[in-house]
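Each of the next two complexes has subunit A plus one more chain, namely subunit B in the first and subunit C in the second.
Right, the complex of A and B next:
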């Protein structure tokens, strides 16, 4: 009951925090998509550079978020800014997105590519009209993981000046204010669930019905846990 | 049409070339089958024709133009390509799969639509039913039909087929083979066909190119490959049942009896008895007014009371064969239904002739006589060794 009262009393603040949280994630995921899908495509035919890139991604993933933000904070020109917050999110999404793009593009049945070449399709056409559409479910799975992770990581961006739902958590913990903590936790989880649901909806809309069945399973199960 | 001149493919990591000093000429409208054990270079040769593999030596000409001097994408758009795994695009409908090359060539949708329907009909799939299906909703045989349709979409004069029917079960394979042969009678493409199955080669090929170790061992008609193998390798590769394989080569149309006497349901029993007597037959085929096969009556069953209708004694044939069926088909049907004669019908279902076990036996017999005479010394030697 206290939680609900707290929520009602603080609804303005919570609303602002939620908007900030959502906008940070939005910017983060857009930058990540452009950057990491391009990187994944760039390294698709070169296992050496792919391994290097994925190694970097794994390393970043293993750095605790707080220390990563700490490092970003002391870099001149970044400091306590939204840019630092976005960079942190983008770095964390490197591994899941690049890995899934790389694996999805390389996991396509070679006979499909051979048929495409044999019909006289250009390399670029094969990439855009054949490889990427077929790889889409697995790429989606990676993006979904990245997004859900971002929702959580974004809460730590409050240490470098972000005013988002993470505040409720950090302040709540500092003051042992359980209503605050619960409200923050519930809101963050709600955003994560919503984002995941939206991605699922988008995936159903975008992925061709011809490869939909069974693709979900391999995307969320096999690929996600296949460490490189 | 396709001219290969001292073509060679060497891979740097391999000591022996995959294809060596290959020269041959594939004529327009012919099916040329490349056959040989795995690793003999047959697929490499095929893929060099559309430059999926670049030759390291020699020249390949299509209609007198050097393929290596052409834009590979442009070249491939004019050569149909069918592979064993088919490689249909799983995210595209049957329609969009078939439309691939026409779209590359910039056709408008109306023309593509017309062509797609035409092609689906041609390969025996109902357009309305299949146009919007995705490949995962098709059976193996249907997929390969779509694969063939897709390769023919822009009506290329040349088709390259790399073990196209290798992945389907034997029954569907035979069906697809027959359909392709029927299709080929209409479309008259120049087809290069790779297989490792000598029976398929004999059935499909106007010419057969037998390869071994990257070299062309014999390039000839199926008849000559069977009756005059160039060397022991070909002889062994073709197998020791050559005489039976000949059955695969001959169509029933060539051995059937055509001057057959037939009865009409309107005939009286006296007419029929006269016909039987005149031609010394034990049975007579009955056809309707349009010369379509109706059945047959046996001579001894015609001894019936005068008041009884002879029509009741008409028996149906268990099966009929199309003109293009092979003697092997005929023999197989005869054994299956335990019958000695099968009527042969043309496209309009009219009786074209009758093929009998007797005729078949004489063909096999002739072939086996040659075989026996040829093998006799060997047999003696082996017997002596055994004793």
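Right, the complex of A and C next:
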């Protein structure tokens, strides 16, 4: 009951933290989408560079997130800023997004692309009108994993100056303030689960019914998950 | 913040009780090793048990819970153990174990469930008892998936163990958090780099183990 009282008493602050959390994730996911989907498209026909990019991605993935932030804040010019926070989030979403874009674009039945070419479609048209729509479910699954991960990683960005829900956790630990910790943990977990659910809903709505297969399930299972 | 390489070396060589790098490194490895071992010992049997006929009806619900719980941030899990269990090594190990359980159990279930039912059917047709089907057919076939679950858990645990210092777990997180509090980038860098190296080394070792353990065809 104390938790509920705390929540009501501090609702203003919690609301501000939630907004900050959301805006950081928004910026992070937008940058990641633009950057990593284009990288994935760029390397789609070149398995050598794709392997190099994915290698870098899985390397970053195995670096603990607090370590990544620690290293980023040491770099001159970044320091304690939102830029560092966003860069951290963007780096972490590299593997799930690039891998799924690459896998999805290369997993398409070659005869479909052949047929498109036979109809006289240009390379760019094939990419935009055939390949990407077919690849969409798997790409979406990658973005979903990246986004859920970001909700958690963003909590650690409080150490480089962000003021988001992670503050409830870290300050709660510093003060041994149980209500604060529980509020923070519940809020962050609820947001992560909610984002996951919403993305699942969106996925079902966006993907054309003709290609709605088991693809989304298998892809999300394949992505290596590091929920830090 | 000024970054000074000679300070990094200095920290490496000092052995003040609070910032002895070797001690913290060993502490970190101990945290990761113990919690990972407990997690494997609990999660594998439970995961396997849930795929047995008697418990199979709980499977969709359990998988749903496991999938959802993957979204819970590690900081939240570590933080919640402070009011529950206090501070120190024991609560840290509990938090790390709980967090490592999820990917291991999830992959054990997914790996066994993904096996072609015809293979199991034919093994049963050959007269294999259920325990033999499990040990000789299901587990070897599911091994790559199970191993990748353990691999994920190991990498996640190395990262989470740094955060566990917040509830008194010690380990490399102490270097990072001390550095953050005193604005000493050298400490942050040292702790971060060592934790990253441990994660990458464990990842590669388990990759190797996976390749050695898996029979070539069951990929």
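By definition in this document, the second predicted complex is superposed on the first by the 220 of 228 C-alpha atoms of A that agree within 3 Å, B and C clash if a C-alpha of one lies under 4 Å from a C-alpha of the other, contacts with A are read in each partner's own complex, and residues count from 1 in each chain.
Note that in this section a residue touches a chain if its C-beta (ideal position, glycine included) is under 8 Å from a C-beta of that chain, and two chains touch if they have at least 3 such contacts.
Quick caveat: nothing in here was measured; it's all calculated off a predicted structure.
Visitor: Please work out whether A:74 is in contact with subunit B alone, subunit C alone, both, or neither, and reply first, second, both or neither.
Guide: second
Visitor: Per the contact definition in the header, classify A:130: touching subunit B only (first), subunit C only (second), both, or neither.
Guide: first
Visitor: Looking at A:117 after the superposition, I want to know if it touches subunit B, subunit C, both of them or none. Which is it: first, second, both, neither?
Guide: first
Visitor: Quick one: name whichever of subunit B and subunit C touches more residues of subunit A.
Guide: C
Visitor: In the superposed arrangement, which partner chain does A:208 touch: subunit B (first), subunit C (second), both, or neither?
Guide: Once the two structures are laid over each other on A, A:208 reaches subunit B alone.
Visitor: Answer with first, second, both or neither: which of subunit B and subunit C does A:38 touch in the superposed model?
Guide: Neither partner.
Visitor: Just to be sure I read the superposition right, which of the two partners does A:5 touch: subunit B = first, subunit C = second, or both, or neither?
Guide: After superposing on A, A:5 lies clear of both subunit B and subunit C.
Visitor: Name the contact category of A:47: first (subunit B only), second (subunit C only), both, or neither.
Guide: neither
Visitor: Could you look at A:109 and tell me whether it touches subunit B, subunit C, both or neither (first, second, both, neither)?
Guide: So A:109 only meets subunit B here.
Visitor: Using the touch definition from the top, list the residues of subunit C that touch subunit A in their complex.
Guide: Touching subunit A: residues 1, 3, 68, 70-77, 79-80, 82-83, 103, 110, 148, 152, 155-156, 158-160, 162-163, 166-167, 173, 176, 179-180, 185, 188-189, 191-193, 195-196, 199-200, 203 of subunit C.
Visitor: Touching subunit B in the complex: which residues of subunit A?
Guide: Counting only subunit A, the residues touching subunit B are 109, 111-122, 125, 130, 133-134, 136, 207-211, 213.
Visitor: Per the contact definition, I'd like the list of subunit B residues that touch subunit A in the complex.
Guide: For this pair, the touching residues of subunit B are 50, 52, 72-78, 81, 83-93, 100-101, 104, 134-136, 147, 150-151, 160.
Visitor: Considering the complex alone, what residue numbers of subunit A touch subunit C?
Guide: 59, 61-68, 70-71, 73-74, 76, 79, 148, 151-153, 155-156, 159, 166, 169-170, 172-173, 176, 178, 181-182, 184-185, 188-189, 192-193, 195-196, 221, 224-228
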